[in-house]
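Next come two complexes, and both contain chain A; in the first it sits with chain B, in the second with chain C.
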Partner chain A sequence: MNTFHFTRPARNVPIDRALVGYVGSGDLEVMIDNSDQPQADIYIHSSAEQGEQRWLSIIERLEVAHPLPAMRMDIHDFSATPGVIRLRLEQALEQALAKELSYE
Partner chain B sequence: MSNGNDPRLAISFVEQSARKRVEHILDAGSMREMVTPFDRVTSHWLEMQGIVPQFDDGVVTTRGSIDGKSVVAIAVDGSFQGGSLGEVAGAKIAGTLELAVEANQAGESIAAVLILETGGVRLQEANLGLAAIAEIQSAIVALRQFQPVVALITGPVGCFGGMSITAGLCSYLLMTREGRLGLNGPQVIEQEAGVSEYDSQDRPFIWGLTGGEQRDATGLIDDFIDSDVIKVRQKVQEYLSKGVPKAFRSEAIQSSLDRLKKVDTRSQITAEMARAILSKEASL
Partner chain C sequence: MMTWQAHDLLWLDRSSLIAKDETQGLPYWVTEGNGPVVVRREKMATTTLIAVGVRGANKRQRYAAYASVGAVQSSITPYDIAKGQAWMEHPDRFTMPVLQALASVAPVLDGYDLPWGITGSLGYELATGEQQIHADSDLDLVIQSPEPLTKSCARDIWQNFGELPCRLDIQIETPTGAIALLEWAGQSQTVLLKSETGPFLVRDPWREEVSL
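Moving on, here comes the complex of A and B:
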């Protein structure tokens, strides 16, 4: 198991707690919780062999479409593919930002 | 939610996550989760062995109501580590049932619903899992004197190991066609007895012996149920309203031993032979 921690710049917007996915083969669990920090703290537990650069790439790609809110995000990955990871991350952000999205 | 009478539009209980299953069973808005994923009570034993944990450790423990009747509803998540029970998952179930026992002792009526999707003890934390399963079983035996404890096995994992004994201790046990119930899992038996005796890949053979339909025909469960979420909920309501049964299956020791004596172990038993020995009529 590999563990990583990324600190990313974030927007100061209110969020709801969110939990999506599960730690089953080829899937992952993503939890978003409130944080008193101004940044997005992302903690990753992964069963996959791939390292830090792969996760950083996934996060950087995500940020292009979805600027991150200030939060604590925990990822429990059970060897999901990048496509599944992206979908779960978007699903979690959508839940966390449901209030903001409904105003748009 | 409403799907009329068209079975093609029915929502399958089997395909729901553990948390959704509980939501479907409970009265809308009544679900209150105890020890939520956001409490971050995970298994540090798994982490020490390099295995990714899950925030709820694969168990959802809730309090709520069904038809206005107070219940604790517990679901095991079969997709995480095969629904296996270690220290945290086991303690969550045992603690919830023990709270229900204490409430009943204090005069409050609380029944229980268990949605079992589990391979039994989690081997990575086996001693603690075994101890927890013993506590779960003690709590069920205490609770079933006060209020019904209804267990559901809907699949796809099924219910095996120590938790199959737990299922047998419940007041009422309901299964779907996809559910399986057995002491040892098919792969374990194949590994011990050899593929010629027990082929775990032979699905008709495995479900023929351990599937819900066979378990119903052989009188080892109380009802064979449809997997449509609405029908599952109706069946749970029906069995909760039956109250405490006159006799518990687990107390029928002599009749079970008598039937076991009829088993000829010199050849592999077939589903038909099992039905002849364990038919519902024979169990009465």
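Moving on, here comes the complex of A and C:
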């Protein structure tokens, strides 16, 4: 089991707690919680062999389309494919930012 | 013509497999090993090839390939494996958590009018007699549900299992792909559908329409 921690720049917007995904092989669980920090703290626990660089590039790609809110995000990855990871991260952010998105 | 579904086990001559990555040959452990291959979920442009996965001795040995329909000698579905009830005679049935869990889950599933089957390492072991399960194995099952299964029914099924000695992963097969029973029973507006063309988030996994 690998553990990584990333600190990323974030927007100061209100969020709701979010929990999406599934603890099962080929899938992952993503939790978003409020944070008193001005940044996005992302903690990743992964059973996959791939390392830190792969996760960093996944997060960097996510940020382009979805600027991150200040939050604590916990990811439990069970060897999901990049496609599944991307869907789950977007699903979690959408849930966390539901209020903001509904005003747009 | 015979058609196969994801999780079906196929016996064939492994040297006839076609590597998914054509630039590389089949790994030695694929051709030297024996035992059936597992049908994968992948949309095929031709009806003469089947997408399959090969299981090796450990989790790192997993290999994606294609099999030619003509090479298949015999096959078994997860539903056949469950109907065979071989787990009831398994020598480790009182000690292995995955077998103890199955003994409590099977009668619950039998109470619903839904075909269910055994996949994963236990399904493979029951079909082949080759030792695959260990003390930390999950119980992987599949439910066939061509008609929509309501969320309340999914919750009802899950609650009836009670406390289990190992992790349980049940996939529901719909006409469009597969979803996790536990996720369908949850609160989320969308669920992850594993389809032949890849994963999607959908609201209704019984309809083709993709929500995102």
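One rule holds for everything that comes next: the second predicted complex is superposed on the first by the 104 of 104 C-alpha atoms of A that agree within 3 Å, B and C clash if a C-alpha of one lies under 4 Å from a C-alpha of the other, contacts with A are read in each partner's own complex, and residues count from 1 in each chain.
The rule we apply is simple: a residue touches a chain if its C-beta (ideal position, glycine included) is under 8 Å from a C-beta of that chain, and two chains touch if they have at least 3 such contacts.
What you see is a predicted model; the values in this text were computed from it and never measured.
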Kindly say whether there is room for both chain B and chain C on chain A in the superposition, answering fit or clash. clash
Looking at the overlay, does A:D41 come into contact with chain B only (first), chain C only (second), both, or neither? neither
Is A:L87 in contact with chain B, with chain C, with both, or with neither (first, second, both, neither)? second
Touch test for A:E63: chain B only (first), chain C only (second), both, or neither? neither
First (chain B), second (chain C), both or neither touched by A:E100: neither
Could you say whether A:V20 touches chain B, chain C, both of them, or neither, answering first, second, both or neither? second
Flag for me the stretch of chain B that overlaps chain C after superposition; candidates: 27-35, 45-53, 81-89 or 99-107. 81-89
Chain A residues touched by both chain B and chain C? 22-24, 27
For chain B, which residues count as touching chain A in their complex? 17, 37-38, 47, 50-55, 77, 79-81
In their complex, what parts of chain A are in touch with chain C? 20-27, 49, 81, 83-84, 87-88, 90-91, 95
As the complex stands, chain C meets chain A at residues 60, 138, 140, 167, 169, 180, 182-183, 188, 190, 192, 194, 198-201, 212
Residues of chain A that touch chain B when the two form their complex: 1, 17, 19, 22-24, 27, 29, 31, 33, 45-47, 74, 76-78
